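Chain lettering (A, B and C) follows the sequence in which the chains are written, and residue indices restart at 1 in each chain.
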Amino acid sequence: MILTTMRLSDGLVALIAILLSVCAPAGSAQALQVTDDRGVTVTLPAPPLRVVSLLPSLTELVCALDQCQRLVGVDRYSNFPASVRALPQVGGGLDPSIEAVVALKPDVVLMATSSRAGERLQALGIKVVALEPKTHADVRRVLEKVGALLGVDDAQRVWRVIDAGVSAAAQSLPPAARNTRVYFEVNNGPYAAGESSFIGETLTRLGVKNIVPAKLGPFPKLNPEFVVRANPDLVMVGDYNYVGMEQRPGWSGMRALREKRVCLFNRDEADMLVRAGPRMADGARLMARCIADKARTP
Amino acid sequence: MMNQRASAIGLVLLLIAAVLALVGAGVGSTGFEGVLHAMDEPVALQILWDIRLPRTLGAWVAGALLGLAGAVAQGLFRNPLADPYLLGSASGASLGVALSLVLFGVSPFATQWLLRLGLTAGAFAGAVAGVLLTLTLARGVQHTLRLLLAGVIVGVVLGAAKELIMLARPDFLQSMQSFMLGSTGYVGWSACNIMLGTWMLCMAVAWALSPVLDGLALGEATAASLGLPLARLRRGLVAVLALATGTAVAQTGLVAFVGLAAPHLVRSVVKTSHGRLILLSSLMGGALLMAADILARWVIAPQELPVGVLTAVLGGGYLLWLMHRRVTARGLL
Amino acid sequence: MTLVALHAHSVRAILGNSEVLHGVDLALSQGRWTSIVGPNGAGKSTLLKVLAGLIPHSGTVTLLGQPLASLPIRMRAQQLAWLGQNESSADDLTVFDVAMLGRLPHQPWLSSPSAADHSAVELALRATQAWDWRARALGQLSGGERQRVLLARALAVQAKVLLMDEPLANLDPPHQADWLGIVQALVEQGVTVVSVLHEVSMALHADSVVVMAEGRVQHHGAAHHPDTHVAVEAVFGGRLAIHSVGDQWVALPRL
């Protein structure tokens, strides 16, 4: 008689336990915690299904992890891949339309650390994760964070592919092109990409030299004389910034300009080169191709 | 004896300019390097001749143009707060540069012309267009208050248009900022010569028309009673203003404060008629911009500071000190 | 038969949105001093500006027989000098330079002052007792000193007709007396002087008085004539009384 009762109560307890574990909402076992670049730890009950991205590189990272379909809204400047252009745009990355973001009912908003909109959105109860990849190492780190956030464990593999792509681009360069001295102009000014910038890192990995040393910072505004003195072997510049470069006083004598060793990038290519995102391998490949093409062969 | 004092100050300013020219020729991408030192290597000599010398002299001429324009503006509007950018030239030039940047690549025709003329043509055309727009809005030069108001309106509207373009194309933000804050980075000999020629023309016309500014200082009705053809002369002065400002802005960007401060600095040491004021203001503006440019290139070489920031610091600092001295001397406040 | 220096015929003028002069007919004799009096808002300054050719108007004005409108402005400036109410901001100019501006109508463009210009300026500055401080800047002077310099500027033109709007502003009584002496000396030389004055007593020293009210000329006659005095008193609504004091006429408020 007692045996039967015990078996019954055991069974009841077991049944309740099973029911609880099945029916409990994704409790602490399945909760996600991510510490963003502000040092804020954001907790989500489950992997977010509706994501708004306010930074083009973050948009690309989400899509690189094959989670493009989770994006419900992007900022005005996110333009890759082509599918995100059809998504609702909520304004600029730094000053999005709060109303538009809220209307999309996102589970999480990905944005840059320098955006003020984060506080407003958080005050309205929206989860905000601030990440801003600026260096090669950042891309890996942010990729893994986004992967963790989205509940996807593909991040490491995706990174390995990107990294391998960059190495391959470096290896594709003939040894003669290795010591090419490059001047990368980012904007009229002239603003150059130094060694410590994202582009500078890519160039370093490709094995070429940057005439702008790291101590000048990532994007210094240079004295034009400095570039003439340094006499780069190769000039890289956006085609719209190339306007009038040869008319700059003293620049027409520069060997790279005289011999037309100039790599011109159109707007889309420039976007790809500048963004610290998953396309850095494509960017490296683009630069490598041009370097191999235009560099001096002794 | 005021005339003697004025002449003395003019000579001092020219002397300062000569000294600064020598210093400026020595400030290269690694800070100060003596000119003699450059005589050894041909590359360095070429850099000195092609880049540093025209930049330094160009800074003087641009400053001279802005100082001239500032004195003319303050005389024309009888307002010591007037500056050369009042009639929409600054906002017009900015919009011109923005449109040039945007049009590049849109059509091969536009691209080809832009490659030939560069951004300077866009800036100049924009500056002149801005002034013409202001004149049209004010319906002529007769009413200074209307001119001022029209200038402010044009400035705001064209500025907003430029901001919209920047919003749509944020990749140009840095280039625009470089233009807005001013730089002599791309001033070569041809730019120098254009500015010099413009300066001589504007100086001659302004000198010839300066009696009308003196007459206007007595009041408009009095000036008219003295037989001065006010409308015609005002138009001439506005043309000088537009030409001088447009040329300077096209070559060195929007350098702030020189046009405003130079006439005040001159008036603080000598009181004189408008003709001499315009000349001295021009010389003062040249010295001011030259000094600021040298500092802009020197302080964090090989990086450069925007020269507009330094003109504000130098000119503004000196004016503040003057004000302080004047206030404590009179025991006011 | 005295010649007419200035003749206004059916002159109407608008200031802002309203008509300020309603059909003024006036003939001012040459070589005489005429003063214009009237209450505030009568249109005195406007009339003076019309006579000087400074504001647009309908009707005609002739200067020394020639229609003002068809006279080239430089010729007009040589024959007609105008001293307005103080609107000057020429603080930086020296007294000498300000007076020299009066010679602009006579100077060929872009030329430096001639000996004649210098002597005219010296005469004018001495007449207003400003010669001794000719190197001082206008901004450093008191109100009265400034006014004397501006008067010197108008005198330096050496025009045949001199129009003055409230020339006694800021002048203390001794300098007002000086001004009187200057005007009387000018008239003796054949200059036509027209002045708008609100100091009625001073105005009564003139040869003839024009009495204005509400944009119309109410009376124009000799200063010493009783009809003129009646007109003056009437136009001020009887709040003014003109008395004889010694050999002068003096206007006093009627308390």
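Assume a contact is a pair of C-beta atoms (placed from the backbone, for glycine too) under 8 Å apart; a residue touches a chain by one contact, two chains touch by 3 or more.
A quick note: this is a predicted structure, and the numbers were derived from the prediction, not measured.
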- Message: Quick check of your reading of the touch definition: is the inter-chain graph here a line, ring, star, complete or other?
- Response: line
- Task: Please state which pair of chains has more C-beta contact pairs than any other pair.
- Result: A-B
- Item | Chain centre separation in whole Å, for chain B relative to chain A (CA means) | 42
- chain A to chain C, mean C-alpha position gap in Å, rounds to 80
- Message: Where in chain B do residues touch at least two different other chains?
- Response: none
- The positions of chain C in contact with two or more other chains are none
- Residues of chain B touching chain C in the complex: 1-2, 78, 208, 211, 214-215, 217-222, 224-229, 267, 271-273, 277
- Query: Which of the residues in chain B come into contact with chain A in the complex?
  - Reply: 28-29, 43, 46-47, 50-52, 54-55, 100-101, 104-105, 114-115, 118-119, 167, 170-172, 174-175, 178-179, 183, 185-189, 191, 297, 301-304, 306
- Item | In the complex with chain B, residue positions of chain A that touch it | 77, 92, 186-191, 216-217, 220-226, 228-229, 238-241, 243-244, 247-250, 253, 266-267, 270
- Query: In the complex of these two chains, what residues of chain C are touching chain B?
  - Reply: 49, 52, 54, 73-78, 80-84, 86-94, 97-98, 101-102, 104-105, 109-110, 135, 137, 139, 150, 153, 157
